[in-house]
Amino acid sequence: MSSIRILVTGGTFDKEYDELSGNLFFQDSHVPEMLRLGRSGLNVELRTLMMVDSLDMSDADRQNILEHCRSCPRARILITHGTDRMEVTARLLGQSIRDKTIVLTGAMVPYKFGSSDGLFNLGAALAFVQVLPPGVYVAMNGRALPWDKVRKNKKTGVFEEIEP
Amino acid sequence: MSSIRILVTGGTFDKEYDELSGNLFFQDSHVPEMLRLGRSGLNVELRTLMMVDSLDMSDADRQNILEHCRSCPRARILITHGTDRMEVTARLLGQSIRDKTIVLTGAMVPYKFGSSDGLFNLGAALAFVQVLPPGVYVAMNGRALPWDKVRKNKKTGVFEEIEP
Amino acid sequence: MSSIRILVTGGTFDKEYDELSGNLFFQDSHVPEMLRLGRSGLNVELRTLMMVDSLDMSDADRQNILEHCRSCPRARILITHGTDRMEVTARLLGQSIRDKTIVLTGAMVPYKFGSSDGLFNLGAALAFVQVLPPGVYVAMNGRALPWDKVRKNKKTGVFEEIEP
Amino acid sequence: MSSIRILVTGGTFDKEYDELSGNLFFQDSHVPEMLRLGRSGLNVELRTLMMVDSLDMSDADRQNILEHCRSCPRARILITHGTDRMEVTARLLGQSIRDKTIVLTGAMVPYKFGSSDGLFNLGAALAFVQVLPPGVYVAMNGRALPWDKVRKNKKTGVFEEIEP
């Protein structure tokens, strides 16, 4: 069983509630806890690149993600990412990397909220990254859509398939 | 997007706590609620065949599942199932059906418990059933193992790959 | 068993996560759901006066709460309230009303977050309001402190007893 | 602020799900975690006397609880207890101890289940034990009922007031 690289970049997935200020903020990633909860038996190497809302992600941040994907010796990479700009990062990666299977996922609701979709999405993304052929995909709403055919519908929050 | 048939058979996934008797029991399936929580955008048809602990599953029950898989017009079938005898049902299906992708999944802890692996497993199983080639698989612990190479380790609760 | 009036004013208690904007917001109160979860057998009459963060509460809002407490025919009143200005409203009520038992409570973390203190606080506040003699109290951290002896420590988030 | 003695005896409160056997069992008490979640600022001393379902509680067990209440130097004692025989233990204590405030509480659903009433009950019981005059009470469903006037309705699960 070959290993999977997980790159954490933040996003709603990992937002916490600051009980003193009443704001949402980032602390440590919840991905390790989620893998334990899912009783994951996968061989994963987790690396936290940044902890940001994707609306706050700069071009330099995206370049950083691209460099990590390029230099990563693993052929299968999962990226946790804010949903608002997930398609932007997917596009950058998709135009540059063709020999690896890269799956981006995230959550509409923070994992720490009872009603989060995070665990469902992480399970799906880990499955997709193991089985899909090389390419860059967004795994949300139970589906994996190729980087050049995906758009988040801002009104419904659903990731839709579009014409490339 | 072709549709996925989901066959519900019960298992830990769907166990509830009876607050009057203090026992665990089955009521309705939680799979629809879990799909909503996961913001699933998949086209699924759900059918509840039975609501039993897999330790209580009879040969007739398994035959029933087999018949439903055979007669189902869909090429992709997901079965929620108790983990203790998941490999038994997988074997029966695997020896008989070769033209459909069938994925069995379940949970170690009831969905209604805070610490359940159910949502993670359902997400992974839905991803696997869309992408894997025809065959029968058990999707647990983040992996999909072929029906003739899987065994639940009773001591650890982990599904392991074995020699066929 | 005499009835208890519950006045809902919002606060962290009732904050929800808007999955499209990523902001916290108010919708309906969770108090009815919390009473069901607590299997409350109490005779309560719930009235929602406003749904605001207490930092956004105006003097007119506080006057509104005071009027409702004054005109309420019940001798026992529970108020759910944001924690940041809970002591301000308590002071206004405490200086004006002496013939009723009024208990203010709230939460440091939204009820919908897994780690909320809301259910604990609501249980405690309902107990205090039934048993304490007339007066105005803040029920947080498992204690009930009189309106003229309570202050929220902004650094720790704990409600402390102070000299009046 | 005087301290409260908490005596843990088990009950549904503390039941866990054994993911290997599928049974409910007892491990450590969740009361400390629940006090943290409730941001309790109370001075409590917790002692675990036993970890049993109250249906399995023997006369010797109940005698043990009685002795601990008698010898306890604290005037305020909270007992976590299974709900099925809570009234039996309450009766034994009520007939013997008149100079202390003793409150029994428990849960209909294990704390670890998402839908537990445990946190609500613990909050209420801690409030009641601080404020009620000496006597023995059962605190469930948001109320505190005296030991000689309480009965669990086996059909509804609700603790009712009865004629002594």
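The first chain written gets the first letter, and so on, giving A, B, C and D; residue counts start at 1 in each chain.
As a working rule, contacts are C-beta pairs under 8 Å (C-beta built on N, C-alpha and C of every residue); 3 or more make two chains touch, one makes a residue touch a chain.
None of these values were measured; they are calculated from a predicted model.
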Relative to chain B, largest Cα-centroid distance belongs to chain C
Averaged-CA centre spacing for the pair chain D and chain C, given as whole angstrom
26
At what distance in angstrom does the C-alpha mean of chain D lie from that of chain A?
45
So what's the Cα centroid distance for chain A and chain C, whole Å?
39
For chain C, jot down the residues that touch at least 2 other chains.
108, 114-115, 157
Pairs of chains in contact here are A-B, A-C, B-D, C-D
Spell out the residues on chain B that touch chain D in their complex, using ranges where they run on.
12, 17, 19-20, 22, 24, 53, 84, 108-110, 112-115, 154-155, 157
Within their complex, chain B touches chain A through residues 1, 34-35, 37-42, 108, 115-117, 119-128, 130-132, 139-144, 157-159
